[in-house]
Amino acid sequence: MARNEPQFDLSTHRIEALGDGVFAIAMTLLILEIKVPVLHGEAVASELPGAVLALWPKFLCYFISFVTLGVYWVAHHLHFYTIKRADRMLLWINVFFLMAIGLVPFSTAFIGEYVNQQLPVVIYGANMIIISLVLQLHWWYATHNHRLVEPDISPELVKSVTHVILIGPVIYLIAIGLSYVSTKLSIIIYLLVNLIYILPGSVHLHLKRETK
Amino acid sequence: MARNEPQFDLSTHRIEALGDGVFAIAMTLLILEIKVPVLHGEAVASELPGAVLALWPKFLCYFISFVTLGVYWVAHHLHFYTIKRADRMLLWINVFFLMAIGLVPFSTAFIGEYVNQQLPVVIYGANMIIISLVLQLHWWYATHNHRLVEPDISPELVKSVTHVILIGPVIYLIAIGLSYVSTKLSIIIYLLVNLIYILPGSVHLHLKRETK
Amino acid sequence: MARNEPQFDLSTHRIEALGDGVFAIAMTLLILEIKVPVLHGEAVASELPGAVLALWPKFLCYFISFVTLGVYWVAHHLHFYTIKRADRMLLWINVFFLMAIGLVPFSTAFIGEYVNQQLPVVIYGANMIIISLVLQLHWWYATHNHRLVEPDISPELVKSVTHVILIGPVIYLIAIGLSYVSTKLSIIIYLLVNLIYILPGSVHLHLKRETK
Amino acid sequence: MARNEPQFDLSTHRIEALGDGVFAIAMTLLILEIKVPVLHGEAVASELPGAVLALWPKFLCYFISFVTLGVYWVAHHLHFYTIKRADRMLLWINVFFLMAIGLVPFSTAFIGEYVNQQLPVVIYGANMIIISLVLQLHWWYATHNHRLVEPDISPELVKSVTHVILIGPVIYLIAIGLSYVSTKLSIIIYLLVNLIYILPGSVHLHLKRETK
């Protein structure tokens, strides 16, 4: 029994290493979707400023997605402060989590290309909801009956983290609903939702303190 | 003799680190093959849903390849639970393994582009068979005469892992054969074959228990 | 209190791992912006040398950006010789730092495409200034009131590193100003500014010695 | 004095980590240069086999470059079996080494696109010569006067590794010369040169044994 634990530790370490890799790559690939404007002829100097300014929705979406990926990266690591062991199911929940993370460069490029269209805004929100739900499953699976966590983890902590993760999909759902009114409104919410997880004094910080 | 062992440990560690990198990148590059649809004019809003729906074969192939890469990543790490040392040959078997893994974004893009054509379906299956055979070689080379594993590894374990790895190429070969009847059938098998390695109670899990 | 420290150590380790990933990817993606020239017909052999030579501004910018990213990578790691703990704010300063690093492949492709235009030269310089300022914030936040560093770090060290980081944006600002005279002059400065941080005997080396 | 060593160890560890990242990415990016053939109309099924077969030079170059990058990756790590400390100069030699590695996806795409043209063949060989020379510099700088290696490293080892690294550029130079006769001949040499470093009983293995 005791011999298993180093192996399990290796597993969580390996899962985190693959996760770090996928997050770093997904973040850095975001910029590949912003193409340098191609202009020719003598009017280049006069047309270039306009062509660059026209890229602003793409840079805004780059910014939003980079921060959002940062939020999920932090959340993923915070989970592993509490999760001490890995089993086959947890491993595969992680692969599905990373698969949803891997979609972000696409949905970012899509919303950045068609910032006034409703469909890309809905797909972007749906992508984030899927990520959040897999993260929720990750937490539920690991903590249910103290499956992969220390026996002394309090039910209050488990419940409070569950609530924190649920805030995301609820707000993304509201943002999707508001896209029927204005896609710009939805995008502003996609930007602001991250503040809940970034600002000091937020619920996640609370989690970190409790799990120490 | 004792001084060698930390070096050899470093070697397996290094091989695993390069492997984690190549797997993380190959997984994340898959999405680059799905391009955002380019539409212009006033009909964008009405044409966009159709253009996105037309991408479904590519997303299906993204899903299949991501899961399949996950399966091989797990298998690769499970090997290193048993393999305790590395030599030059093992190193190069690993480079060839990663080379075959690096082909997956191409064969995924190819099958996703031509989902009704037989050739891409055959090439995709062939890619997976090559990966499996190199993995087989990896296991055979390391365990033959207990070359790079502990002396107390049982012949039953070696044999059972050999059989597990062989299931893959056999099923991929059947899927390639069925592509003469229907390419959709082959793709369904490419999807379902992963269940053998993912589902709890599967043979790989068995391996993991024995190697503890 | 003592139990917290390994967790904080884990945090700085994780931040450095994500940073290594983003730097390695941003550096390696630079080459993707240099496309192989596409030529057809019988004149390929005679036209190819000219087409390759025409790529020289892109290779020059590849060279400059790779070295510059190297400078920031070294600076980032040198910070973590001194910074011993991480908190939520430091984590997010790092995410914003990596976001600015992630922009470098774009601004490099832009300046490489329009080497005679002023706008890309200004944007490139602005990108570097943003990186430097976030790095400055990183250092200020960690060292202010010895927040995340050892209590015995001398005020002289803190001040000297602050000055070293400030040299960069000042020179980039001068280079941006000189772009009104000649964009080539600015690009030469973008190249040479790195010598301050590379050459032995430079101020950064001084920092490294003091922090030992 | 003793306090410095863990720091220096960290440095070599960090350099190796960045190196692993750049190598893994450069290897995996190679496949991005092979585009899926784009065909339309009813003749797709009949034209696809020809279009795939026409990609063979690109796959051959993928294979050659992947193996060659594997050779340099192994060589880079073997150096760090002997190099125990890092200083600023070694760090920058490594950045320049990785910069030359980062060029490989370009020179591979170039030679794969124009397999019958001499210029890409020369550029590919030149890229490899640059990599080898920086590697030579890396070894010379670290071992000269036992600067960054153990004092008991024998002069014979230093000399033998120097010779091993020199074999590469000499053969690449011959291959470049032979490109005036036939580019295919050069490409065959680019493939076969790797056997010197891969085959068991090779000189590098010898190095590994001595450094234990």
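All chains are identified by letter, namely A, B, C and D, in their written order; residue positions are counted from 1 within each chain.
Note that in this section contacts are C-beta pairs under 8 Å (C-beta built on N, C-alpha and C of every residue); 3 or more make two chains touch, one makes a residue touch a chain.
Predicted, not measured: the structure shown is a model, and the values here were computed from it.
Participant: Measuring between Cα centroids, what's the chain most distant from subunit A?
Facilitator: So the farthest one, by centre of C-alpha atoms, is D.
Participant: Taking all residue numbers at the subunit B/subunit D interface, are over half used by both copies (same) or under half (different)?
Facilitator: different
Participant: Rounded to the nearest whole Å, what is the centre-to-centre distance of subunit B and subunit C, using the mean of the C-alpha atoms as each centre?
Facilitator: 36
Participant: Return the distance between the CA-based centres of subunit A and subunit C, expressed in whole Å.
Facilitator: Distance between chain centres, rounded to whole Å: 25 Å.
Participant: At least two other chains touched by the same residue of subunit B: list those residues.
Facilitator: Residues 17, 21, 24-25, 29, 32 of subunit B touch two or more partner chains.
Participant: Which stretch or stretches of subunit B touch subunit D in the complex?
Facilitator: Residue positions touching the partner: 3-4, 7, 14, 17-18, 21-22, 24-26, 29, 32-33, 88-89, 91-92, 95, 98-99, 102-103, 105-106, 109-110, 113-114, 117-120, 123.
Participant: Report the residues of subunit C in contact with subunit D in the complex, numbered from low to high.
Facilitator: The touching residues are 16-17, 20-21, 23-25, 27-32, 34, 36, 38, 44-45, 48-49, 52, 62-63, 66-67, 70, 73-74, 77, 81, 198, 200, 205, 208, 212.
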